[in-house]
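The structure's right below; bear with me while I get my questions together.
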Amino acid sequence: MIELVNVSKSFSNGVDVLFNISLNIGKEEFVFIVGPSGAGKTTMMKLLYREEMPSSGKVIVDRVNVAELDYKQVPYLRRNIGVVFQDYKLLPKRTVLENVAFALRVTGAPRSTIRRKVMQALELVGMLRRVNAFPDELSGGEKQRACIARAIVNNPPILLADEPTGNLDPTTSWDIIQLLDKINRRNTTVLVATHNKSIVDSMKRRVVALENGRIVRDQLLGGYGV
Amino acid sequence: MIELVNVSKSFSNGVDVLFNISLNIGKEEFVFIVGPSGAGKTTMMKLLYREEMPSSGKVIVDRVNVAELDYKQVPYLRRNIGVVFQDYKLLPKRTVLENVAFALRVTGAPRSTIRRKVMQALELVGMLRRVNAFPDELSGGEKQRACIARAIVNNPPILLADEPTGNLDPTTSWDIIQLLDKINRRNTTVLVATHNKSIVDSMKRRVVALENGRIVRDQLLGGYGV
Amino acid sequence: MFSNLEFFLIEALRSFRRGALMSLVAIATISVSLVIFGLFLLLVINLGNIVGTVSSRMDIAAYVEKDISLEEAGELQLKLGKLPGVEKVEFISKTEAWRNFKQEFGTKLELDDIMTSNPLPHTFSVKVRTPDLLPAVAKQVSNFQLIDEVRYSGKFIDQIRTLVDAVRLGGAALVVLISFATLLIVVNTIRLTVLARETDISIMKLVGATDTFIKWPFIIEGVILGVLGGLVSFIVLKFSYDAIILRVAAALPFLPLVADQRLLAVIHLVMIVGGTALGMLGAYISVSRVLKSEV
Amino acid sequence: MFSNLEFFLIEALRSFRRGALMSLVAIATISVSLVIFGLFLLLVINLGNIVGTVSSRMDIAAYVEKDISLEEAGELQLKLGKLPGVEKVEFISKTEAWRNFKQEFGTKLELDDIMTSNPLPHTFSVKVRTPDLLPAVAKQVSNFQLIDEVRYSGKFIDQIRTLVDAVRLGGAALVVLISFATLLIVVNTIRLTVLARETDISIMKLVGATDTFIKWPFIIEGVILGVLGGLVSFIVLKFSYDAIILRVAAALPFLPLVADQRLLAVIHLVMIVGGTALGMLGAYISVSRVLKSEV
């Protein structure tokens, strides 16, 4: 489903972030990306939905080389990849409901199904109570959950979750990870970048460890540390 | 140093967040605030530096009732309280260096001391490598560390850290907590709101647990759970 | 596309409402620049009109020395009136002319004592439609047998004609310039409101919105801003111009101000339609720019 | 306060540079509205000037019937010239007047055949400084013993005077209106750039900045935008006006356009200073508003 071949990334201001990354992730997989702050986890994910372009190498998502994708096709790629952004990226002047609905609206989904699916997704992340709140009126964890709801509302074949539990208490974190796991079992490829040691250790899934832009470990049934 | 007396907080749109909170924190203390997402941790901290006003009750910081403070005095209150915001609140068009320096500039500190203190603070959080980057060019953890550097650069007598390790790997998290501990030993009152169970458990400090806007536990030498 | 129209409309209205202060500031700016535009337009039209009227008052004097009967005079007047370019022909008999002359100089000169007979000729005063027709008409008039001499103040008319041309040209240039300026101000104002939402736009792109999908609500919002700006300026201009012509008509009744309701309606329409078009254009340009600069 | 000036300046320059697109858009808008303002000002000044010149050409005719010597005439001319409000006095002897008259009507009338003596009086043509002085001066002129009759075209002068007053008043009103409009546009433009940085302002407050500390860089930035907008508009206006008067002087040499370099310098100064002041004012108002609305 996802294939990185000798991918390197340097930013225009000369910062080198990824060095010769190669990685192959199958359709049914659930992968944790771990590594210290600044290792390049977020950057690697950004390559997949083309928020960033690789400096060299191939980024293949669902048999398509993302870097060579026509500009017009990018929105359709992105609709197939649900993303939980590390910094949420909620639209500030829209309520939680509208934010989540937006991801469905862009696909042209009919109004009736939108409302049903949005409420479902918000229920899954435990946010029914705050549907009409604006992002400014949410706690950190609530924003994070709204963002998760938006990422999954569309049932995308690929789900990228960048530090999805950074602002959640252990119980809620655990619920969210269970949710991601359930989604994975419904045939969705799931990538989770996280620093949450206890979750990685107890899930026993494939772990890819980045350090200074290089893959230093790729382990099935791995843990957070070595 | 900090005293809350029967504090309640409802937002103007009718959401009740804090109910009759009373709390007394001494000058030398290091306190963890824990509780599920949406419990009211951030709101409680906002009352201390007057980002929010209490609906009722007294909020006393350094013998002054914050709610009755003259508008002109608020900046001086805030200079005495270093805050690590949960959402960082870095100025987007300024580099890391400028962001941290800003907290000193507002106090009218001389240029020479500013540079020295800023570099010191950035070194403490391990951000010397990225001093000239803009917030947009930082990883999640780097933003968080820049925000921590800004909060401590001024050596404020009170330090509020709202989820300061949410985007940091366990090693860096631990370094940051050690740093906060060191700052506390230099006679600074430190409040840390966090979901990081392992840190709270191993630090063995005073723990205040919030749930649905009420203090459900206040324990010296406590842990994350009961 | 069109199934989304309702949604886009709702979107536009919402963002309009939620960014109320910015929207109001934008509308105020648009209204103000449209009012200036309208005032300029009316000023130029009126100037053209005034100069036009003044110049149309220029006439040709055709003298007949032979004593002619009233009948003959009437006949000639009719013929002259039928010449192309002629607006009006007046007949001033030599008696009348003499009376006028005496009125001008008479009180102090005992003219009747000095002169036994009236020395002045009969005069036809020929008004032409536009001053540039003067030479041609004068030539035709002089071709009539009865007419002995034709006069018009050539140099003065030339000056007036140049002035009229200059005012018309200058006015047109000014209108073009002000249109351009208005366009710039309106487009820029809307661009500022769009630039303020760059972050929103980048988020929309990241969650899979196509450029078209993002554009429409902005364009509709631009149209709303433009329409409201146009309406406000229309109201301001209408009432102030009505007040102005009333006052001017009272104070300077001889000044020919434009009060043709149909022309005014057209100008007002231009302002509303112009505001709308500019709002749309401004939004389109700005949002396209921002979209291109985003990932 | 002033120890911070350097810092504020650097801050302002930085935010100006980093928000380059917005700044450019703002400067463009400000320039455009100032150019319109300047054009309007020049238009009104020139209109006033033209009407003023035209009306100053109105004169009083004073008739002397008695035959006077050239010496007497010269003396009288001198005395008339010394009356307050009088600009220029011309003497047209009866012979000259008769020659003019004959030139006007003469070719076709054998006047000399009819009249043995010149029936016209000597005439002094008295020009006054402003048309409203006409009645007073006329009265004084008529008090001279030698003068038999004094004439000026009262009704026409009244109309001209009303017109001059109207143009002056209307011009002043227009200038006030356009000044106000320019003010609104500039202030609003800057307000839009400030509104776009509400978040920045709230963050600054949260890390302990006083309102004054936040305000200054914005005000300096407003001044920079205003100065640059003013300079651009000054350059545009200077060159276009120079081009216009050259062309008009060639095409309509009789039109008295204002080319007084000192007056123009004042207008240009007004634009630059005005731009600066408006930039400052706009920034001050907007940032104060935002500051008040923030925590």
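So that you can tell them apart, the chains are marked A, B, C and D in the order they are listed, and the count of residues begins at 1 in each.
The criterion applied here is as follows: a residue touches a chain if its C-beta (ideal position, glycine included) is under 8 Å from a C-beta of that chain, and two chains touch if they have at least 3 such contacts.
Since we're looking at a predicted model, the values are computed, not measured.
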item: Set of chains adjacent to chain A and to chain B; value: none
item: Neighbouring chains common to chain C and chain D, by label; value: none
item: Farthest chain (mean CA position) relative to chain C; value: B
item: Separation of chain B from chain C, taking each centre as the mean of its C-alpha atoms, in whole Å; value: 66
item: Separation of chain A from chain C, taking each centre as the mean of its C-alpha atoms, in whole Å; value: 62
item: Arrangement of touching chains [line / ring / star / complete / other]; value: ring
item: Chain pairs that touch, as defined at the top of this document; value: A-B, A-C, B-D, C-D
item: Contact footprint of chain D on chain C as seen in their complex; value: 21-22, 25-26, 28-29, 32-33, 35-36, 39, 63, 65, 105, 107-109, 111, 114-117, 119-121, 148-149, 159, 162-163, 166, 170, 174, 177-178, 181, 184-185, 188-189, 191-193, 195-196, 244, 248, 251-252, 254-255
item: Interface residues, chain C side, partner chain A - complex; value: 3-4, 7, 14-15, 18-19, 199-200, 203-211, 213, 295
item: For the chain B and chain A complex, residues of the former touching the latter; value: 11, 13, 15, 34-38, 41-43, 86-87, 130, 133, 137, 139-145, 162-163, 166-173, 195, 197-198, 224
item: Of all residues in chain A, those that touch chain C in their complex; value: 49-52, 72, 74-76, 78-79, 83, 85, 89-94, 102-103, 105-108, 150
